[in-house]
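In order of appearance the chains are A, B and C, and numbering begins at 1 in each one.
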Amino acid sequence: MTEIFAFGLGLARYSARGAMLDCFFPQPVLQPRGEVLQAIAELPAGTSNINADQAQAIDQAVGGGIAGTTFADATRKLVAVRLDTDAAIADTAEAYLKLHLLSHRLCLPNSLNLDGIFAHLPNVAWTSVGPIAIEELPEAITKAHLNHQQLEVFAVDKFPKMVNYVVPTGVRIADASRIRLGAYLGDGTTVMHEGFVNFNAGALGPNMVEGRISQGVTLGSGSDLGGSASTMGTLSGGGNINISIGENCLIGANAGTGIPLGDRCTIEAGLYITAGMGISLVDEFGEVMSTVKARELAGKSDMLFIRDSQNGNIVCRTNRKAIELNDQLHQHN
Amino acid sequence: MTEIFAFGLGLARYSARGAMLDCFFPQPVLQPRGEVLQAIAELPAGTSNINADQAQAIDQAVGGGIAGTTFADATRKLVAVRLDTDAAIADTAEAYLKLHLLSHRLCLPNSLNLDGIFAHLPNVAWTSVGPIAIEELPEAITKAHLNHQQLEVFAVDKFPKMVNYVVPTGVRIADASRIRLGAYLGDGTTVMHEGFVNFNAGALGPNMVEGRISQGVTLGSGSDLGGSASTMGTLSGGGNINISIGENCLIGANAGTGIPLGDRCTIEAGLYITAGMGISLVDEFGEVMSTVKARELAGKSDMLFIRDSQNGNIVCRTNRKAIELNDQLHQHN
Amino acid sequence: MTEIFAFGLGLARYSARGAMLDCFFPQPVLQPRGEVLQAIAELPAGTSNINADQAQAIDQAVGGGIAGTTFADATRKLVAVRLDTDAAIADTAEAYLKLHLLSHRLCLPNSLNLDGIFAHLPNVAWTSVGPIAIEELPEAITKAHLNHQQLEVFAVDKFPKMVNYVVPTGVRIADASRIRLGAYLGDGTTVMHEGFVNFNAGALGPNMVEGRISQGVTLGSGSDLGGSASTMGTLSGGGNINISIGENCLIGANAGTGIPLGDRCTIEAGLYITAGMGISLVDEFGEVMSTVKARELAGKSDMLFIRDSQNGNIVCRTNRKAIELNDQLHQHN
């Protein structure tokens, strides 16, 4: 039997008009083997609706706890998603399966093919009675008022929040509305109220996250992202540099970075490093070595960025070894 | 028949003591004409309670979908609000109607007379069972505990969140708790988790909003407000300058502005421009033209604000034509 | 009868496995006297489960409105917490009682012994059906999907949000998810959407809070904390200086402080003062008096901090009297 990339047995919800709104996979599987592989062998590739009997057999292998489910309601269905390869996303259920793979820590950010995700995720109203199609929302709000019910609308977005689908072990999340499904939160990670983690982004753990982890950005083990600290994303403003922050870094409150950082780097509170900035490199003896564009420091370790409070000069303190200055770097002085 | 400024047929909710807590207008009407005007001709000006029969006729004309409603519950009533002119707000229902006009995109921010709005909006606990009067809240919390129910309190505020009343078409709102009723969100606007829009403020659309749009502030078409970017409001700190941001601007993450901007302006990430700051004007050839107070640049287009990372000098790069330097401007050097 | 530090009659919720998840005290009492003291005299010190009859007598004295409660459900119990002294926290109920004392304004931040609070607060999923033990959450999410119910998970945290337990009088809270139980909000305080108040931290009132009040930090009467302004906490990054902000201060939007401030201080928008920064002291005549480390200005009044927009120099404008310069301060020039 050929190798399969990923599989999920899910519960999908639909609009009154029959459009899939979301799909919940209690137990997604990466590279299914053995019993699971056997149970799904005869399923077609991609997304398929299955009946309760089929689900029973698969669920037994997968262990998702949804065996024996029979949905009389047309707005809910059992679906099986078999991704034979990590190809571009072809429908809503596939998009949801990939987001689940990330939040279940089965795949790291930037390791999945997410092409087509925006096209295949519908914009949905996430409410206290579950997802509602946007076009059906005004009537739902009015009906709730007439029926003396409170319809709470939490978001109108393509991405739902993670914790309604997946709660990884060993994390604290102070305000769950700020973590999208598809975020990767490693063990030992605390996301405070001001923290934010986009889909396909994450904290590898353990981390203290009080700032914003943009799409595509990862925070290495032991690093702290201070309150309201910003990491430039690849979706907006960050251009073509993919930001990552290494291990044991400290990004101060209200600070930010537009360049990737290696390990043991610090940016002082309130300082935003953008890729095009000129930075004065100072060695361990306080000597200015050269002035370089910040982007030339991308990915290097043991850097301390501060803005000199006497003259406004943005300085990177490090040691010659840490920066591993090369000739090209020196030429910019 | 004389012209009428605005009309709304609404469903109001009341405290146990009979104070109006909120009022929902499914279909507010600006300058009613024809059938609607006829249906409301005999109503008194201002807010009036109406019965189901009256509502039936009006609703048919307005199209709000609340026809035939009969409320046995004393905590809910049908109200009609007829604003003959855009006068100061006289009661809670009028305040809600004006907030609906803004969020329904029937009126632009700063175009309505909102005098009296704070006085006429009660401070309300917004909960999972609807609005509760503050003084009735402690008992409600205790009762919920005794009845094994979870009473979730989302906010204690004069303004409710927009999406529980109005969801304009073509928008995405990642965290609905950050958009107040009375916000104006134009078609094609995405408000990310860190975005915020106050009442009487808005994004004309399409926009990417990841920062805070304060009361009275508007963001022009095609402009991006970066993560945690700040716009000074008129309610606090902004003094008497009314901030607006023109079209196709980019306010960087963690940046801010205390002056209005014209079109195609950029503020680099992390830089806050306040009205009283001295700014070095640099022309398209890199030549310093003069140093001016930021407030003298208010509303001008094609400006790029950066802080020189070598010497801390805040610089506005532009071209002579864009700034249209006048004599007064030069005198400040 | 000996003096007792504090008492609370509470309703506790438990996991299916019998671990206490939270405890709600409708009417906590500091230093109980008279009738209350009598009613609790025979209770053991610390936390005890009591029956409906015992609760009846105590509740009558305390006035919490939970008299006559009989819980058939094993996941809910009546508990009495008698803290004879302000000792280290010994269990979950004691932790909750102390958090209630703070939010009920019975104790000021930094006045209570909170040792052991992290150890004794379980990490809990705060959901639309109440608290759920983390290990029981995945099954609960799956069950909700199978039962066509929406289980909304608001947070996964040791601390719940304040307003589900206590809503102090005279406050507005635009986004309740950002105020932890144990926050102290004085009368006349408004916390806007971007505001945040941790446990054992607070605004003494009246205040406008649009920034983050970290653990251990207090904001004096009449002070404004601007949008996204940061106060360094003692838990992370703030080291051993305990930050407080005096009366009538203004911390600008996107600004921050790593030193405590006295009264009538201002930090301009976008400027972050850290303890180790060199600051140029300028007197009321614009004369530079000296350059000092920011930490030497800790707690002083009448200071205005700005960053000179021409040369990047961070300046503290004040008058000689306000700063009360001492010899030690001058030696650092």
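The rule is short, and it goes like this: a residue touches a chain if its C-beta (ideal position, glycine included) is under 8 Å from a C-beta of that chain, and two chains touch if they have at least 3 such contacts.
Here the structure is a predicted model, which is why all the values come from computation and not from measurement.
J.: Setting chain B aside with everything else in place, what contact-connected groups do the chains form?
T.: Contact components excluding chain B, positions unchanged: one piece.
J.: Give a one-word verdict, same or different, on whether chain B and chain C use largely identical residue numbers at their interface, taking over half shared as same.
T.: Different: when the shared numbers are divided by all numbers used, the fraction is under half.
J.: Averaged over CA atoms, how far is the centre of chain A from the centre of chain B? Could you give it in whole Å?
T.: Roughly 30 Å, centre to centre.
J.: Using Cα averages as centroids, what's the distance between chain B and chain C in whole Å?
T.: Averaging C-alpha atoms per chain gives centres 30 Å apart.
J.: Mind pulling the chain A residues that touch 2 or more other chains?
T.: 128, 154, 177, 228, 254, 270-271, 307, 311-313
J.: Which stretch or stretches of chain C touch chain B in the complex?
T.: 11, 24, 26, 64-66, 69, 73, 76, 127-130, 154, 161, 163-165, 167, 169, 171-177, 193-194, 208, 210, 224, 226-228, 250, 252-254, 268-271, 307-313
J.: Using the touch rule from the top, collect the residues of chain C that touch chain A in their complex.
T.: 123, 125, 128, 134, 137-139, 141-142, 145-146, 148, 150-159, 177-178, 180, 196, 212, 214, 228, 230, 232, 236-237, 254-256, 258, 270-272, 274, 277-280, 291, 307, 311-314
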